[in-house]
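Heads up, there are several structures right after this.
Consider the two complexes below, in which subunit A is the common component and subunit B and subunit C are the respective partners.
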Partner chain A sequence: MANPSYTVASDNETTADEKVSSPFPDLAIGIDIGTSQCSVAFWNGSRVELLRNTRNQQHMRSYVTFKDEIPASGVSNQLSQEHEMLSGAAIFNMKRLIGRVDTDPIVHASKNLPFLVQTLDIGVRPFIAALVGNVWRSTTPEEALAIFLVELRAMAEIQLKRPIRNVILTVPAAFSRFQLTRIERVCAMAGLHVLRLMPEPTAVALLYAQQQQQNVHDNMGRGNEKTALIFNMGAGYCDVAVTATAGGISQIKALAGITLGGEDLLSNTLLHLLPESRNFFCSGHGIHEIHIMGILRMATQDAINRLSFQNSVQIDIDLGNGVKICKVLERKEFEWVNLKVFEKCENLIKQCLHDAKVYVEDVNDVILVGGCSYIPRIRSLVTGICKRQEVYPGINPLEAAVCGAALEGAVASGISDPFGNLDLLTIQATPLGIGIRTEGDIFVPIILKGATIPARRELTFTTVHDNQTEALILVYEGEGRKVGKTHLIGHFKLIGIPSANKGVPEINICMDIDVSNVLRVLAGIKMPDVQWPVCPLMEVRMPTVDDGHGWCEEALNRTYGSKLDLVTLQKKTHM
Partner chain B sequence: MASAAASSSSSSLFSLSSSSSPAASSLSKTAPRVSFRRRPLRVSSSCVSTAERPPARAHILSTGSLYDVLGIQAGATCQEIKAAYRRLARVLHPDAAAASGDYHGTDFIRLHEAYATLSDPQKRADYDRALFTSRRRCVSPPFAVSMSDDVPTGGLTGFQSYTKRRWETDQCW
Partner chain C sequence: MPSRNRAGSLLAHEDTTENQSPNSNRRNMSLVSAHQLRFLCQPRKRHLHSHDTRFIRRKGNEGIMCSSNGGRREMERFRGERSNRRYYELLGVSAGSSLQEIKEAYRKLQKKHHPDIAGQKGHEYCLMLNEAYKVLMKEDLPNDHGSVRMPFGMQGSKPSFYSSWNGPLRSQALFVDENACIGCRECVYHARNTFVMDEDLGSARVKLQYGDDLQKLEVSVELCPVNCIHWVDLEELEILEFLAQPQPKDGYGVFGGGWERPPDVFSAAKSLIKELRHETAANNAHANPKEETPAQAQARQQESVEIKMESFSAIWKLLQVFGLKLGDTK
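Coming up: the complex of A and B.
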């Protein structure tokens, strides 16, 4: 294998001598890093092809082991994850943990993983460590993911015989802007340049658009619009998108996602099988506990997998010390244990259809992808809501996202296909609203949820106090009337407002999301009857908060309170 | 309706053009940016006839009503509106238009605003009424202020001069 270094990788030293004249030297590859599995695909000139690792796997387990000084990942590692998991040396579920603080319930739920996840519950990063020998070696989800990507990149470089730099990565729709920044940082650590971060269902939508275009090639752009609902549920995240497709253009009508996936099914089932496992690691993270938890996870995962094809499974687990679990787990029981998870899925689909203003009767195809799409209850709930018997058959649930990313990579690299297979375009939409805080902790969205990207919108605000010369602009992302339900992504102070009565200065806030989903906030001050701004405009790239934690917000509240607040200015319309 | 009016207000700081105030435009003018992206995203040209391109751009920039933005008749059907939107999206979406110089998607945003209004029956009815009234008063339609002649055709001011993601310098560390 190539250079195993995983610190900031600079240039491609690997393939200087074997550089052959590749037909597409700059071609961006598509990568789908899942919570449990990962795959890479590229456009080979006529179709999308998945890469295989040295063990001939197209789907590589997303995990990294720390052993013998040199970390190794699921890309190249010869040992199975199962074996590594029992020793505490394997770090996985990176995608669930990335960009989260230790007050996050997801982080707390991760504490029963067979490696160390320690929280102080104060809103900083959790402490994550792998057991190497008898030492807990600290790491971060970012580092682990970067190690993984470095190996993935090396594998792709060897197989494609050229340096790889540009990538299209799929991400969950539920990721906040803060988490997206983290993913970009991970890619930078691995020496990769992200052309786009595509929400997973939109990548699937692009693949669907391509298939539809192939089906009706002679009727471009006219009439034959097809609407599809895409439900994607993997190990870590669940997302839904509604897309309207015609002539190779996939227009995302609505996009929604939550942090919910196979991992939740697994931990619920695990708790059901062994209720005391909730506080399993309270007494310490010894090798024995890790071993037991590893065994338990594997057995439960296996049982869930088998329940997709049979009605009941026999579970026999010997945990040592006389503790045994012998039980027949019925499919009904599994569904009952995970009732809440399935309810949340249903609500997400309904909400997405509502946001898209699409009736289920108008949905032409229902596309079900992701690892959880094999679970019968998931299939029945999706087909139930969409009132149909079958789901769209033309898409491989495990490869759809990565294939879509590879298509976008080819389109983004400017490659054209003589048969028109790459005449594609995705018109993306924002999954969350973005706005600022105004007086009384009211969240005023400026870019609305579901806005088409690129988006640009401005609103005018004004001061709430007489002679207020400064204003604090707090930018939030989310939904709801109050800022409590949203989260802070950035802040800056606007100074130099001329002294005037409250309500007089006009403060324009403009938000701009460019086509690569970069958010910039612009602010300018204007006085009535003066045509130009009173001072230079402020232009701030978001997010500015480095650690997404609530500390910053608390500190801002403590220091400034509502002293520097703004309110929406009711505009006089000049008709 | 109110929000549509607010978002396209003529007193916007961010759409000040050189014609309205030289001081403001020099104030908000930013230095030219360096782009690290050599090749922008684009849709291959095979699907867009080259003859279609210049008129599309020209009519987007120079006209008033939303129907003109989409290049359709005022009585166009829903299907025609969608088809026109798609045809123009192929040309004006920044992924497709970057090759011809529009990185910031101003044209596409305008196109989408027009489409969003006209594809919603309620909004379209409101717009049609407003358009009719304003035409009779011989002033420009209130909803299309930002699309009127004072919109600069090049060298946009302030925030409109962005290019693509600027890699090394633009990472948020």
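Coming up: the complex of A and C.
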């Protein structure tokens, strides 16, 4: 027998932590773990301040080196980074790999990285390993990120002279709920408690809201509502948000994101420069191949960086064995090679504007952030869509997200500022719809895309077969009419439906997202003539799927088919 | 009063949350679930439904109706009439508030009750705020800010503030400026089918246009001691009658509140007409891009190409047929 209270307690990784941390209201710091760079910021009582590492850097490279017994990360050591990247001992791009199965195209694209990424193409987690000495030592993206976060935490604790517990993390809007739980688990491994996971553009939106609020204070005027479009493109992910800002409140009108970033630009360019690099590691992951790949990556990265400021760049790479690449790469050529990437960005922005029901004419400010915002084509593309000459100047593209996270940390920790600098609030929206599968593989969203968080909505379903006493509730996240295009994030079985003709029992499914983005699904069974539910309700905290979730869906289909399906009860559909 | 009940239950929600020890998050979580249980267990919607319809019907007689404007979709309007009232109350705005006012009220309440600020106990309240906001902002389309919601689309429900017509529509209609009316009842005596006395407000009003013959109407207009009965154009009439309804006033604690209508109905009507015209013009200008998603646009384009091709092939077939016939005759 499934018992609701048991179900709820089963997968709560963070609840226990919350309980411990709430009595002492310490200030949460903001952390932005990027695919390539990472930074930490906190509210110092009057403004947001970025932490510097021992090398006086505000932006630390996100990578972890497995060299000796103790792994080291980009937080502390930096000098030997180039060398280590070539030796295969460094793991990076963890954020692109986290929570993905080995059938994912992103994982396949990552096989060209100068460390070991092995796939079996069956829907389990990929095998990732770093070369230590002459041994491939296995690790996971979670572990690597946790090692990185431990060092970040140690650094922050030394500088702030207090234990760090609560953090606000920025995440890409494209992360699925499963990936978000992986990030939470990473933080738990590092001894950190996640107060909020903020989609990166919404953190930027909060910073923008604060700046607008300050402008209003300075001008002694009454603040009008301002609409801003935020485009964030980093090394791994690309997100867009439309926010309406007034009086320090940033209300997210739409949020969208895809897995697309500088990493894609880099691999496209790399393929263009050396077409045979696609199958580079087919022959084996030798030290020599890793070395070459490392050199190629660094040279290409450098070329792309320089193309942001000059029209053409001379590339000279000596790969050893008499193989040399000497080429002049034009900016036009670079843009042509990456045409598809830019097209996807364009579509994402248009889609987001459409979802927000905002016309480009009504957008007051266009904010460009992330490492890729320096690329001229990206700038012209965004300004082109928004029909304006300039982008919003007051925001540092590399620091915006982490500053926003630090602000949210201060607000959510209950800190107030006498000058009203923390008189802020962010009202978030769901980037994807969440619903269940019904008869015929139809995806019925219960919480709609773009719903304001906290959100709750319920729908009533009914049985498909006569005398059906059980129902399988499969919770999916995504868009589209069929479940094929969506992600499975959880499943549970509803038992104890009284036998009756099909269409008679009323199965009420309620979804609730709280402000820390925790999704709970409640299910109850009601008979038409009875006022009370016939058996205890089920409350399930999502997601319930684990690493093998690629298999899960297939297995469920194979075992149950449509035997336990539900269908929407049309006449009882409430808003 | 049903409305009081709603507000009461809302407070009850809040009270229960506050009574529980707020320092344990685990406890709060189970509390949330307790709330949810209640949400699910009670046949809440149906219960609400019966309440609200009764409520609206009664209120309808007083003419304080509010709904989404212009009968956008039947379904939506039906639902809107049923529960909008409750949402306005929750946000603490008057029924005819502009979108801007609703937005500001929503944000003000969010600042107080959002779980980021108020902690976990703000969750339930915030859910209700979000729902109210979503429903009331249904018409949150671009260039719609600051427009007044007009209950024009709902003559069907016949609130008594609007006059009905006897016989065919004419270009001129009678309108009583109720601000000026002193309640002398002269007009009601002389044309009892046309005018009616509103005993609550102490002023006369037109119930039925041209309910009596023209001569009687002329006499009653003449007899009015303060000349508050006016012949107005048909198109103005609706707006004047809308504006003449007393609207609830914002209250500040124990001060203010109550009901009011614009002091000068005629000038208010003029500015409102102007605003409406401006708005429709703006809406028309934007009508097309609003309705189409990029995908739809593409689909439409394809469709039109296909249609063109179709007509082309039809002509082609026709030609072929003719060609054959010509061949036959030869």
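Simple rule for what comes next: the second predicted complex is superposed on the first by the 537 of 575 C-alpha atoms of A that agree within 3 Å, B and C clash if a C-alpha of one lies under 4 Å from a C-alpha of the other, contacts with A are read in each partner's own complex, and residues count from 1 in each chain.
One rule holds in what follows: a contact is a pair of C-beta atoms (placed from the backbone, for glycine too) under 8 Å apart; a residue touches a chain by one contact, two chains touch by 3 or more.
Please read all numbers here as calculations on a predicted model, not as lab measurements.
When both complexes are superposed on subunit A, subunit B and subunit C occupy overlapping space and clash.
Using the contact criterion defined above for the overlaid structures, shared-chain residue A:A154 touches neither subunit B nor subunit C, since it reaches no partner. With both structures placed on the common chain, the touch criterion links A:H354 to subunit C but leaves subunit B unconnected. By the document's definition of touching, both partners, subunit B and subunit C, reach A:D512. Within the superposed three-chain model, A:D362 lies in touch with subunit C and out of touch with subunit B [touch as defined at top].
Judged by the touch definition given at the top, the superposed model places A:L522 against both subunit B and subunit C.
In the superposition on chain A, contact of A:L459 is made with subunit B only, not with subunit C.
Judged by the touch definition given at the top, the superposed model places A:E184 against subunit B, while subunit C stays out of reach. Residue contacts after overlaying the shared chain place A:H193 against subunit B, while subunit C stays out of touching range. By the touch criterion stated above, A:E539 is placed in contact with subunit B and with subunit C alike.
Touch counts on subunit A: comparing subunit C and subunit B, the chain ahead is B.
The contact surfaces that subunit B and subunit C form on subunit A in the two complexes overlap at residues 225, 246-249, 251, 411-412, 414, 423, 425-427, 452, 454-456, 458, 508, 510, 512, 514-515, 520, 522, 524, 531-533, 537, 539, 574-575.
Per the touch definition, subunit A reaches subunit B in the complex via residues 26, 181, 184-185, 188, 193-195, 220-223, 225, 246-249, 251, 411-418, 420, 422-427, 452, 454-460, 506, 508, 510, 512, 514-516, 518, 520, 522, 524, 526, 531-533, 536-537, 539, 541, 543, 571, 573-575.
Remark: subunit B residues 2, 5-7, 9-14, 16, 20-21, 23-24, 27-28, 30, 39-47, 79, 82-83, 86-87, 89-90, 93-96, 103-106, 108-109, 112, 116, 142, 158-159, 162, 164-165, 167, 170-173 touch subunit A in the complex.
If you check the complex, the residues on subunit A that touch subunit C are 8, 15-16, 18-19, 22-23, 225, 246-249, 251, 347, 350-351, 354, 357-359, 362, 408, 411-412, 414, 423, 425-427, 451-452, 454-456, 458, 508, 510, 512, 514-515, 520, 522, 524, 531-533, 537, 539, 574-575. Interface residues of subunit C facing subunit A in the complex, by the touch rule stated above, are 23-26, 29, 32-33, 36-37, 39-41, 43, 45, 79, 103-104, 107, 110-111, 114-117, 120, 122-123, 126-127, 130, 133-135, 140-143, 145, 286, 289-290, 293-294.
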